[in-house]
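Each chain gets a letter, A, B, C, D and E, in the order it is written, and its residues are counted from 1.
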Amino acid sequence: MLSLWQAIRRVGRVAEPAPAGPAGPAPAAAGELAGSVQVRHVDAGSCNGCEVEIGAAFGPVYDAERYGARLVASPRHADALLVTGVVTRNMAEPLRRTYEAVAEPKAVVAVGDCARNCGVFAGAYGVVGAVADVVPVDAEVVGCPPRPETIVAALRLLTGR
Amino acid sequence: MVAAGLLGAVAGVVAMTGTAWSVALPGLLPLTGLEFDVDPLSGVFLAVGGAVAVAAGIFAVGATRHGLDRPGVQAALPAFIGSLLLVPAAGSIGTLLWCWELMALTSLVLVVAEHRERPAVASAGLWYAVMTHVGFVAIMVGMLVAAGPAEDGSFVAVRAGAADLSPAAASLAFLVCLAGFGSKAGMVPLHPWLPRAHPEAPSHVSALMSAAMVNLGVYGVVRVGIDLLGGGPSWWWVTVLVLGAVSAVYGILQAAVGSDLKRLLGYSTTENMGLVLVAVGACGMFAAGGDRALAGLALTAALLHLMTHAAFKTVLFLSAGSVLHATGSRDLDALGGLRSRMPVTTAAFGVGALSASALPPGAAFVSEWLLLQALIHGLPAPGVVPAVVLPLGVAAIALTAGLAVATFVKAFGIGFLGRPRSGAAAAATESGPAMLAGIGLAALACVALAVGPTVVLPTLADIAGGLVHAAPAVTGTVAIELVGVTGVLSPLLLVAASAVGTASVVGGVRLLARRRDRRRARLWDCGAGPLSARMEYTATSFAEPLQRVFDGVLASEQDVDVSHHRESRYLVAAVSYRRALPDRVERRLYTPLLHAMTTWGRVGRGLATGSVHRYLGYGFVTLCGLLALLVVTR
Amino acid sequence: MTTTLPVAALAFAPIAVPALTAAGCAVAGRRTAGAAGVVCALAMLAAAVGLGARVVGSGPVEVAGLRVDALSAFMLVVIGAVATIVAVATPAHVATEVAAGRLAPRTARRQGVLVHAFLAAMTLAVLAADLGVLWVAVEATTIVTAFLVGQGRTRGSVEAAWKYVVICSTGIALALLGLVLLNHAAAHARPGADGPGLDWAALVAAAPALDPGVTRIAVVLLLLGFGAKAGLAPLHAWLPDAHSQAPAPVSALMSGVLLAVSFSAILRVKVIADAALGAGFARALLLGAALASLTVAASLLLAQRDYKRMLAYSSIEHMGLLALGAGIGGVAATAAVLLHLLGHGLVKSAAFLGAGRVAQLTGTSRIDRVRGLVATQPGLAAAFGLAVLALLGLPPFSLFASELAIVRAGLGDAVGWAVVVALVLVVVIGAAMLRHTGRMLLGPAPDGPGAATAPRRLPGGTALALAGGLVVAAALGVTAGPLTDLITQATQTLSGAP
Amino acid sequence: MTALGVVGGVLQAAVVVGGAPLLLGLMRQVRARLEGRAGPGIGQPWRDLRKLLRKQSITPRGTTEVFRVAPVLLVAMTLVVAVVAPLVTTASAVPAVADLFVVVALLAHATVVIALAGLDSGTAFGGMGASREVTVLALVEPTALVAIFALSVPAGSTSLPAIVGTVLDDPQRLISPTSLLAAVALATVIVAETGRLPVDNPSTHLELTMIHEAMVLEYAGPDLALVELGSAMRLSVYLGLFTSLFVPWGIATTATPLALGVGVAALVVKVGVAGAVLAALEVFLAKLRLFRVPELLAGSFLLALLAVTTAYVLG
Amino acid sequence: MDPAAMSPPAVALLDVAAGALLLTAVLVVWRRDLPTILRIFTAHGIALGALVGVLAWAQRSVELGLVAVGVLAVRGGLLPWLLRRALARVGPARREPRPVVGVAASLLAVAALVMLAFAVAVPVVELGGSAATRAVPVAVAVVLIGLLVLVTRRHTISQLVGFLLVDNGITAAGFLTTAGIGLVVEVGVALDVLLVVLVLQVLAGRIRDTFGEVDLGELRELRDR
């Protein structure tokens, strides 16, 4: 316990200073959410590269939570879906259901190139399409995998902070 | 039936308010004579029994209309109710014993009523019959010993003669009576009949037994210990208190891990009677220690808890009967989702469950609060025994309360909410109006006792005070105010405050929330397709954590059986899991006894070998022995 | 005391009527015999009632070697009541047996003769003024019933008959030796004067002067001897064999009448013993016999396999309870013993008749072969079940009242320990009987062959007898009514008052 | 019912409802800072609530009134406790309800309501959460009642104002073994009842490790807002009760504005400090395995029992 | 008439008769050969008749003399004849099958029983005080020996003999203590005994018919074990 205390004292604040707020049009839902976005992550067929980056985005260094975003377990609690990967056949229906389960107002963020336009998996036999082919997408995050900063920036668009 | 119940209830209420009457019928019951004598204490039990009989009777009308009752049951039920009401009215030992056995006989007929449907009924009937018989013999011996110095068997004479009883005889009488009456009240370790017989009887009979008949066990303890024998030493009551506490904890623990709805309710009866016995024991202990005011308080708590228990147990058993009628099952693991199909039954069961789990504003909360007040204020009493017993008593009650919550959340939540777990539950239909009327009446009583216990409490306090020679311990109209110690509780205000709170929350949400239409959506199934009932938690799985926690006490028997595919040991074809929760007290105490009986029977058969020489030899040897004895003793 | 002719006739009637009926049965047809049996039994009962009223009103009646005191009158009521129940049920039983080919018409006729001879002997035993005549009458019943027990001519019935005769005769022979010694003591009771002989009333009057040493031996022998006939341990072993092998009506009579009459002889002996030796001696013997009987009954009932034997052992149990009550003594317990005799007779005869019907329907007397009787035979099962419950001493049947009174008297006395031991044994017995009976009665109807063929309705006579026995027992348990006075007087008689 | 009680009751309700989300925000912020993160700020829970109130309500098919009513009841019952318990003032708005047993049982009842809602949803997670929550509740209840027993013995009453009054009159009692043991036991009760570490992890995303969260997975929008608010209020009320029982100084005994102001300020400070300490301690703790929780609770039960015994032995 | 005033020769004769009674009873226990046992039993009956005769002579009672003749006829003639007939009917077994208790042990038991009888009968002797009552212990001993035979012998006829020994002993006791117990009773008793023997004889025949043998040890159909 003591060593942990010492570690806390030694490390101090890890989070990097907040960069300037992202520019660009905020999704429609952002106004009503007003600084609080609960996020439910859906892996629609990802290679898990995006997941690593999402983890980093919510880690101490990038600290997405400071902008009012928080990962939750249930789509009922969520305001936004963070969808990664191409939408595979098996995940198309679950993705649709997850989207249905979220209460209005809601937003969908497609994270990574695969989610945006199928990336390298485009045309593969098990792929239904990009996220936008299945559910309406409000924001996109570019990259393969995307950098944590861009993920945080997309979330900040939603929270407006 | 209903009329008899009503008559009993009215007579009881009249007697509770102080109008005593008595009648002697020496011509009846040869050699002994019958004598009835109703005093306020009898009145309480008459009123409770009568009220339960009214509700159960109305329910029975419905059950008969549905063809649930056979002619034998229809004939025995009024007799049972009659004898049930006569027991507290008895004014002499002979009369009490007569009515008691009459009650045993009629209830036995009722318990085995459904013997054709389930083999367990016969076994339950046997347990019930034998233990009742044993209990009766204990009561008979105890009461007759108590009546030793008395001129005759009337309670008046016994009361007068109790002073001449030697302490040893009085203690013997009390302990034996305690065993007898305790077994009727389901006191551990004399309880095994209860969770067997109560579930196997038709439900309105279960209600009568569990809500009215068990009370008479407590009646007996109070009548003999406090009234006839005039109190007695402290250790008697410590015994009562400890046995009560053990019963309460053991009963509710078994109920908490059980999944048979009616058996669970039966064990809950053991628990509640245990609590009442704790209160009675505390009363006796305080009285022996000279603190009459607290004794009165404890006894008041006991009487009130008897009443509330009668009310909610009637609701619960009758609702369980309604469910059983609709689904043919009392296994919680196969129920669920009854809310939409049986709304009235569900609501009634909910009221009963709330009362039973001793949460405010439930009915049992008030009585348990009174009991806790008595125990807490008793701690300053001198002596090591109270210092040890009272905290343990409180702890037992506390543990009981917690487990009761778990039990009834399970019974209500698993049994009535959620989605149906079997086709029978999915196809259930609400019971007929007569059955529902019976349930509803009892539920109303629950609500009334929860909100307005102050209507009956002063009367009960008066009666309790009269028994322990103290002033009434409770007064108040809106709030329950304790006399002699500080303590005040107002269930009415509590309900009002909760109502105001609810209204303000609803108002606040209306005010603050943006108006959006409430959307109906499918259950969140992780996106993986519809949830099936097999994915739901069952009563067994619900209770699994508790069962693990208390495994040291419960000693469950689990059996996991994995069968593999023929091709490979690594491919599992099926996993079967079985869990049995044998009653441990029963296994430790009764199994050896039964074994001994079997051995006795086997060895005893050697007495009749069929040899005429041996038979003659018995006489010859006896004759020679007696003659030799005559020679020696000349 | 002057005795008018009608009263004398009344006193002789209970003996003469069955004797004449016996003779009649020898020549009459089956149907006539059955009706005659009922008439005879009713006449006996009427005579008993008449005598009872007379005795209660104006004291004992003495006619030519007979002496009708309150006890005799009460025992006559017992005999009459049980005989009536049995007589009502007999025709149906015999008819079924004959129809099934188990009973030859000749044997059936002989059964009628013997049963009535048995009844005549029993009434003689009850009415005899002289203990010697009583002995002769009791021994005569052994002879008469021997052939009733052995009637079946199967291995079992012959064996039962042999055991019955040998054990009972031996036992009763001991009683004869006891009588001889008692006579010896009586002859020396008042030197010079004419001895009282074996006249019971005179013996009671002279009892304080009897030589204690000789009387002690005599009492031991008498209690053992009559105890054998009453089914008390240690010479009880004939009882289950005989009761299970005899035809049901005979078992009912033996259990309800024979045991009761033998026990009344014990009661009479006890009066003499108490007067001559003080209360302690007979009490010790009776309590010993009581506890031994109860132990035997409990030991053998626990794992019993035959329901007729179960009822027989229950008779041993009840005889033990009676011995307990007699041992306790005193007014309350003695009155209870008398009431118990009557109640047991009524209920046990009903139980045996019911068991007989069960055996006829199922063809077996084994408990484990009878299943679901309530489902197949509701009326019979209800009667049998109620009879067993009554035997366990449940109200409203009169056995409850009598057992309660016995226990009450005993617990208030120095013999409380014996009562407690007895109660424990009674509880064990109760548990065993409930278990066996429950197995027979409860559960779904068996679906073996032949299960459905049996008619559900009971024959009228059987139903009437079963219901009558149980209803009367229940009524007695609620109120003894006019019998109260008779019991009170009989109790006084047994307390030594003439 | 006194003026002080009524004014205090209204004030307490306001302070608890308004401050409970802030307390939660404070605790999260403390944790965030200790973990090296920046944290969303103390007001974040309020922002969450505001947003949830604007959202749509969802009623899953197959659920009943129980599901609908439960969040309301949760908040209402906690609100009743907030009004009647002595947090800002020693007097109670409704003295006939300000009993320690009533208060604890009412809070337990709120838990039960949510557990029933979890069962009502008919999902595996709802059942699992309810089962676990109720198990913990069943084990916590005895500790709570026995601890109350220990605290009420010196006061001779279970009435909360009386107990607090006794402590104010005789502060030395606070350093008695009874009081200390009871305090530890009650602290454990609070941790377990409010679903904090090490019993439950309030910020977990893994359903299989959840207790409280698993029951409310189906709630959305205003319903969820009420559930969240109710949980926050429970935490504040429990901490408020705890501080009133063991650190009662500053509580208002008269109805003057100054006293009331001091009372409010003292309550805010005390509960804030308690919350911060709790949050700081949580950083050092890992969640216990579910089946190790009973051991913890058994330990606290023993402490409570010892408290009673010492209360008797030491007078 | 004072029974104490019995003449010395009468006393001597009485003692002889009583001695014969006891001796024959013991011999019954000793022997296992059934025809012999029956002969001894006849002697036993004759001894009983003689005993009654001596009493009649001593008391100069004609009535008693007639009774003695009757006793002699029944006990020494009729009953042994019945037994012989029964034995002839039940089959070829002429020897007592292995008894329940061996002969040697039985004889020891007899010794003990005789001593017990003598000890028990002391009060009877003291009460009577006459020469006749002094012989009562012998009668009691005969009863006990009869019981022993009943308990230990397995042949139907042996058991009958045991029963009759008991009965003879009782009869002897009756005559030795007083002058009898009333005529009606006497006749009744005699008739009863006769009938019992007849019944047992019939039953013995049936046992032979149904079981095929006469060993009572085989009568074990009715039992609980």
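To be clear about the criterion, contacts are C-beta pairs under 8 Å (C-beta built on N, C-alpha and C of every residue); 3 or more make two chains touch, one makes a residue touch a chain.
Just so you know, these numbers come straight off a predicted model, no measurement behind them.
Via touching contacts only, the remaining chains, with subunit D excluded and nothing moved, are held together as one piece.
Counting only chains that touch, the fewest steps needed to get from subunit A to subunit C is 2. Among the remaining chains, those touching subunit A as well as subunit B are D.
Between the chains B-D lie more C-beta contact pairs than between any other two chains.
Nearest to the global CA centroid, when each chain is reduced to the mean of its CA atoms, is chain B. The chain with its CA mean position farthest from that of subunit B is E. Comparing the CA-atom centres of all chains against that of subunit C, the greatest distance is found for A.
A separation of 31 Å divides the Cα centre of subunit C from that of subunit E. In this assembly, the C-alpha centroid of subunit C lies 77 Å from the C-alpha centroid of subunit D.
With centres defined as mean CA coordinates, subunit E is found 99 Å away from subunit D.
For this pair, subunit B with subunit C, the centres built from the Cα atoms lie 43 Å apart.
Looking at subunit A, one finds that residues 74, 76, 101, 103-104 touch two or more other chains.
In subunit C, the positions touching at least two other chains are 162-163, 166, 170, 213, 216-217, 240, 300, 303.
The residues of subunit E that reach two or more other chains are 120, 122-123, 147, 150, 159, 216, 219, 221-222, 224, listed in rising order.
If you check each pair of chains against the touch rule, the ones that pass are A-B, A-D, B-C, B-D, B-E, C-E. Remark: subunit B residues 256, 336-337, 339-340, 357-360, 365, 369, 372-373, 375-377, 379-380, 387, 391, 394-395, 397-399, 401-403, 405-406, 409-410, 412-414, 417-419, 478-479, 485-490, 493-494, 497-498, 501-502, 504-506, 509, 512-514, 516-525, 531, 535-537, 541-546, 548-549 touch subunit D in the complex. Touching subunit B in their complex are the following residues of subunit C: 162-163, 166-167, 170-171, 174, 213, 216-217, 220-221, 224, 228, 233-235, 237-238, 240, 285, 296, 298-303, 332, 335-336, 339, 372, 374-375, 382, 389, 392-396, 398, 400-402, 404-405, 407-408, 411-412, 416, 420, 423-424, 426-428, 430-432, 434-435, 438-439, 442-445, 476-480, 484, 487. Residue ranges of subunit B in contact with subunit A, taken from their complex: 516, 519, 521-522, 524-528. For subunit E in complex with subunit B, the touching residues are 100, 113, 116, 119-120, 122-123, 144, 147-148, 150-152, 154, 159, 216-217, 219-225. Across the complex, subunit C meets subunit E through its residues 65, 130, 132-133, 135-136, 139-140, 142-143, 146-147, 150, 153-156, 158-163, 165-166, 169-170, 173, 176-177, 179-181, 183-185, 187-188, 197-198, 211, 213-214, 216-217, 240-241, 244-245, 300, 303-305, 309.
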